[in-house]
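Next come two complexes, and both contain chain A; in the first it sits with chain B, in the second with chain C.
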Partner chain A sequence: MNGEEQYDVVVVGAGVNGALMAKYLTRAKLRVLLLEAGPATAESFEGYTRQLTHFYGVKAKGPEAPWPPAVAAPQPDTHDIRTEGGYFVQKGPNPHASSYTRYLGGSTLHWLGVALRMLPEDFKLRSRYGVGRDWPLDYRDLEPYYRKAEFDLGVAADVADQAHLGVEFAEGYDYPMRRIPPSYSDQMLSTAVDGMRVSLGDEEFTVKIRNYPAARNSIPRGDFIPDGAVDERADGQALARDIGQRCQGNTACTPICPVQAKYNANKTLAQSERENLQVLTQAVASKVNVDPVSGAVESIEYQRYEDPGSPRHTVHRAKGRVYVLAAHAVENAKLMLASGLGGASGQLGKNLMDHPCLYAWGLTPSPAGAFRGPLSTAGVDDLRGGAFRAEHAAFRFDIGNDGWRSATGAPDTTVADAVNQKKLFGRELVEHLASTLSRQIRFSLAVEQLPSTANNVTIDPQYLDSLGNPRPVISYQIDDYTLGGMSAAAEVARQVFDRAGITDCTNSEEGTWFPSISHGDKVFHYHGMGHFGGTHAMGDSPETSVVDADQRSWEHRNLFMLGSGSFPTMGTSNPTLTMAALTLRTVDRLITELSS
Partner chain B sequence: MSRDRLKDLLQAAVELELSTIPPYLCALYTIRPVGNDEAKLVIRSVVVEEMLHMVLAANVLNAIGGEPQVTGDHAPRYPHELPDGVVLHLLPFSPEAVDAFLKVENPDQSYQPLAADHPLLGGRRHQHHLARCAQSAEGSGPTTIGAFYREIIALMEQAAGQMGEQQLFCGDPARQVGREYYYAAGGRSIIVTDLASARNALQEIVEQGEGDMGSIYDDDGDLAHYYRFKQIKHGRAYTGAAEGDPTGPPVAVDYDSIFAMIANPRSEDYTDPDLRAASDAVNRTWSELLLQIEASFNGTPEAMLPAVHSMFKLRDEAIVLLANPLSGHAGRTAGPTFEWDPSAQADLGMPL
Partner chain C sequence: MSDRSDLFLGLSALLTGFSRVQLLGTGVADEYLRTLRETLPPDVLDGLLDTYERLPGGDQREAAISSEILGDSRLGPVARNLILLWYCGSWTALPDDWRKSYGTSPLDTDRVISAASYVAGLQWVAAGAHPVGARQQGFGAWALAPEGGTG
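Let's turn to the complex of A and B:
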């Protein structure tokens, strides 16, 4: 071992949380070492372009397609579910169908950019509805940090659309950029659907097609300057940064925005004070060493590799005053377990959650402009909160602008079907495709999941990766609470389709590689949203939680664990904005503590 | 009257900035999708800067009660002469094109009048702005583009002194194109309402155009465009503060990976009806774009939003044209002619 140097803070993981840490700690003149397991290809424009070219060339265009993992830093791939192989060891009974990216920039490289706040009631699920757990902080505590996060990530939305379901904004505040213009299909659906009433149990709700906040560049408000492409070069040049200052509607937010109009964490990293920041990429944290008496972390071991195609590596140790794990909900838990630091609460690695998601798809009565504009710009949010949550899960819909691409593999499969099954050719084929493809519409129905100790990440010495680090062993089950939510969501989607004159084409026989699960006489095919959470849940007692409200480990007081792993419950928001807000809150506290 | 004189000069400035754009677009569109990454980045960043300069000049013209024009006779026609004597041609990405860009971007470029028998001087359409520019200086024509703008600033200060600042800046502020509609050029649109903001806007053009003469880097630490084109010309990067020719690590340039369009094509060159139709489509979109830009300069700034759609359309249609080999020109392809189409109608429909 070699290379010991003392830093103020050692951060493991360069996703959105690690990047925000690095940005604000270095600006506060604290010296930061940032360890990233994966390669750094997207910090230069040239490198990002290379990933884009790689993506254009590959046949399967899944979420991970532009970001193939290094041998030493393997990552889950949604295709693994088809092959039952891959990085995760899935113990079931249901497969966990999500993925993440181990690269400088983390999963923000492939996310969609949805940046919803959580609802005030999401923080108090146990006291309000008798299910799940309460958070040790509430919406009001986070509100100032939500605002800050919306500026850090560059979120486009209008407060006028978002102030509902109890979500309140500070007086006079609006998002840094105007909302992304609603797509043609959003406008079409609004006309047909807005104001329709739906019932869940005894409650009635009014449905409205609502633009959602997105960390994708739009027209700025006031003096805000949207961050374009990242182009960090050795000579300090940044010629490409003017590119991507507005979304261009490339319909490719996931898995890679061609112009970087979508936020990725490299944008935040580029705003760090470089002289106080040391970034080591291709450096896999493998062990957290603690003082057996005090419990304080003494160092973090990491494995450095030169060649992303080889497991050859050297072992080093990093030392700091404070340690921050921001490696991902699964990786944080895995690293702690691999270090023998499972803890006394028994909660570490437990309560693994996601937003299991169903597709509903159909044909609109007239062309809806599918395959144009951002992948998705609006959805239905009205069923994210309500008394029904005592009985079953809440849910939200995204409306896709990419036809049936994700649900059935359109447009390719639409062509294959027209030729092989319908036996069409010539003008008839062209007319059929023009008429069908432009009318394809897809909803994603993302459903809440509650914490359960039966859903967890563990390790097992018989399952190791090429560096000898444990692979995550996942136990996962979708319970009746979530299944009830799925049933309700599928029924509401059916009613919305009906109201809008959409011919329902949802067919559980198509896209059959999605894992299936039954509820009563219904069979659902679900996929993951990539929203891992709960594995180091925060709480107000060391007996029942892993970290406190500041994301500080109860047992190792100089250790922080960041990310959606800290979430006691998931609500229905995509977790990125909330974890960014939590990280900004933790940063504030850390700066005060370390600077005094 | 000095206001009219200023209007003429600022209208000439709008046309000058517009006329630099098509040559850069030809170089950019003729580069094939893979490779020449640095060249693409440099050319693109210059194009967006020239667009910003046009918007800034239009804002100043609007601020003094003018009506910026970019359509019809105000649209450029190639080959096109700049006030400093540089002649702009529509060329594919090539050593000749890079040399031409080096001339345009050269901060030291001084006025070299064209020879008396130069065909452009006999032409009908460069008279307006060239003649005005030539008259603008006391005695002789401007020596550089920068001098041309400094001349405008001086005249503006003089006019404000004579008639009063408020009287000079009588334009409707609602006609200004703000930063919500213009972005990304290493600079930002400036709303012009008085002498100070007008000076800022014009100085922004001069500084971006000429760079800081003391350094090859600008205030943000970025290499000035002139030096970026030198990197392309020599296939080498600058390292540190070194001036002269670059000698650092190689910069990949591949002049073979292009659509080799003929120089300064004209619609008449396209006798094949399909090819002519493809060329007409490009000119129609170019003209629609100019109409949208003109609308955005004349009380409808939000017309810049559909104009962005037209810019993408223009690129896509130009690439369709470029993919066609041109019979009678071995190894060459067709290319965009950037001619005004008087039948074009602007779609000012807002996406919002």
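Let's turn to the complex of A and C:
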């Protein structure tokens, strides 16, 4: 072991939360060490472009395709779910079907960019509906930080679309950029569907195709300047504000936005005060050392490797006044457990959640212009809240602009079917594909999941990675509450298809393989949304939670754990904006504390 | 242009429904001919091109390609693979029974030929779209009605 540095704050993980920490703490003149397990390839424009070219050339074009892991920093891959191999050790009974990325920039490198706020009722699920848990803070506490996060991430939306289901905005506020233009298929669906009524239990809802807030560059409002591509160079260039810029419709938000019009955490990192920031990439945090009496963290051990293709490494130790784990819901829990810091509450690593998601796909009655634009631009949000949540999960639909690509592997599979099954060739083939591909439409039905201690991340000394660090051992089950939500979601999707004249082609036999689960006489095939949460849930008591409302560890008062691991419940919004808001709230408190 | 390249382009145009000029414009025609040469047992490619060369012209051509090439147990799967290659930019492993009858090769696996071939896939053109992650249409173009759209 060698090397020991002293910082104000040691941050583990350079995703959105670690980057926001670095940006604001360094600007407040605090000295920050940022440890990132993965490589820094994406911080230069050329490096990022090489990842894009890598994506072009690989057969499996899943969310992880452009971002192969370093040997020393393995990561889950959704393709491993089928083979039961890979980084996660899945104990079942259902596989957790999501992934994340260990790179400088984290999973924001391949996120979709959906930046929804949570609903006010999401924070009070137990009091309102008798299920799940309440958060130790509410929507009003977070609202100012949502606003700030929307500017930090660069979110495009119109308040006029978003003020519903109790979501309120500050007087006079609007998002920093105008909404991303709705796709042609959104407009078609809107004409056909808006105003239709659906029932869930005794409640009636009016459905509307609604543009969603996206962290993708659009037309700025006022004097807001969108962030373009990142180009970190030795001469100090960091953020090339005018490069890339506006969304150009690459239909590749996931797994890689070629022009970096979509937010990634390297944009935030590039806005740090450089003289106060030390970034160490290829540095895997392996142990949190604490004072056995006070419980205070004394140092973090990390393993530094030079060659992403090799497990050779050296061990170092970093010291600070305060420590921040922002490594991911699973990695945070894993690191604490590996350090023997499971804690007295028994909650660390428990309550693992996701938004298990179903696909529904069909053919529109006339060409809808599929395979153009951002991956999606609109959804159905009306069933995210309501009294039915006492009985079953809430859900939201995302309406794809990429045909059946994620559901069946189109257009390749559509071509293969036309050539090998339908025996088409020549002009007939062209005409068939022209009329079919353009009419493909896909809904993602993302369903809420409640916290359960049966769903968890643990470690086991028999499952180690190449550096000797534990691999996450995952136990996961989708319960009746979520299955009830899946049932309702599938039924509403069917009704929306009917109303819009869409021929339902949903057929798991012809779709891409996904894990299945039965509910009565129904079988659902689900995939993950990459929304890991709950593993270090916040609460108002050390007996029942891991961190407090500031994301500060109850047992280690100079330790903070950031991210969706802090979420007591998941609601139905994609978690990134909420975790960014929580982090910005924690930043405020830390700056006050450390600067005094 | 060699005779083989010329025959290959002519056959490809007939199979894909795209013109020779469009196929040449992709920039990957040579790469695909080379792929066939490297991937298939040696006599198969020659058999394919020679059979194409002997096809009658005019109105009988399409019917002849169906019976002589696409309907042939040895050449049919290869010709269909060639269509997939042009449309998707990737090679698809030939069916097991074909490999048993006509031979195997280490390159006969599911694979994208190259980054350039992925981007050059004709499927994106047929869809009236662009390759995912490349040749994007520009801000807001996705809001416009596609060709044949009702708007």
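The rule is simple: the second predicted complex is superposed on the first by the 590 of 596 C-alpha atoms of A that agree within 3 Å, B and C clash if a C-alpha of one lies under 4 Å from a C-alpha of the other, contacts with A are read in each partner's own complex, and residues count from 1 in each chain.
Note that a contact is a pair of C-beta atoms (placed from the backbone, for glycine too) under 8 Å apart; a residue touches a chain by one contact, two chains touch by 3 or more.
Fair warning: this is a prediction, and the values are worked out from it, not measured in the lab.
Visitor: So, on chain A, is it clash or fit between chain B and chain C?
Guide: fit
Visitor: Could you look at A:363 and tell me whether it touches chain B, chain C, both or neither (first, second, both, neither)?
Guide: neither
Visitor: Given the touch rule stated above, what does A:181 touch, chain B (first), chain C (second), both, or neither?
Guide: both
Visitor: With both structures superposed on the shared chain, find the angle between the C-alpha centres of chain B and chain C as seen from the C-alpha centre of chain A, to the nearest 10 degrees.
Guide: Nearest-10 rounding gives 60 degrees.
Visitor: For A:248, using the defined touch cut-off, is the partner it touches chain B, chain C, both, or neither? Pick first, second, both or neither.
Guide: both
Visitor: Which partner does A:49 reach: the first (chain B), the second (chain C), both, or neither?
Guide: first
Visitor: In the superposed arrangement, does A:238 touch chain B (first), chain C (second), both or neither?
Guide: first
Visitor: Identify the partner contact of A:326: answer first if only chain B is touched, second if only chain C is, both if each is, neither if none is.
Guide: Touch partners of A:326: none, neither chain B nor chain C.
Visitor: Comparing chain C with chain B, which touches more residues belonging to chain A?
Guide: C
Visitor: For A:220, decide between first (touching chain B), second (touching chain C), both and neither.
Guide: Once the two structures are laid over each other on A, A:220 reaches chain B alone.
Visitor: On the combined arrangement from the superposition, state the nearest Cα-Cα distance between chain B and chain C in Å.
Guide: 5
Visitor: Of the residues on chain A, which ones does chain B touch that chain C also touches?
Guide: In chain A, residues 53, 181, 246, 248 are touched by chain B and also by chain C.
Visitor: Would you tell me which residues of chain A are touching chain B in their complex?
Guide: 45-46, 49, 53, 181, 219-220, 225-226, 228, 235-240, 242-243, 245-246, 248
Visitor: Given the complex with chain C, which residues does chain A contribute to the contact?
Guide: 52-59, 61, 181-184, 187-188, 218, 246-252, 256, 258-259, 366-374, 377, 401-403, 405, 411-412, 414-416, 419-420, 423, 425-430, 433-435, 437-438
Visitor: In their shared complex, at which residues does chain B touch chain A?
Guide: Listed in rising order, the residues are 34, 37, 41-42, 44-45, 48, 179-181, 183-186, 188, 221-223, 228, 237-239, 308, 312, 351-352.
Visitor: In the complex, go through chain C and note every residue touching chain A.
Guide: Per the touch definition, chain C meets chain A at residues 14-18, 62, 65, 70, 79-80, 83-84, 87-88, 90, 92, 110-112, 114-116, 118-119, 123-124, 126-130, 132-134, 136-151.
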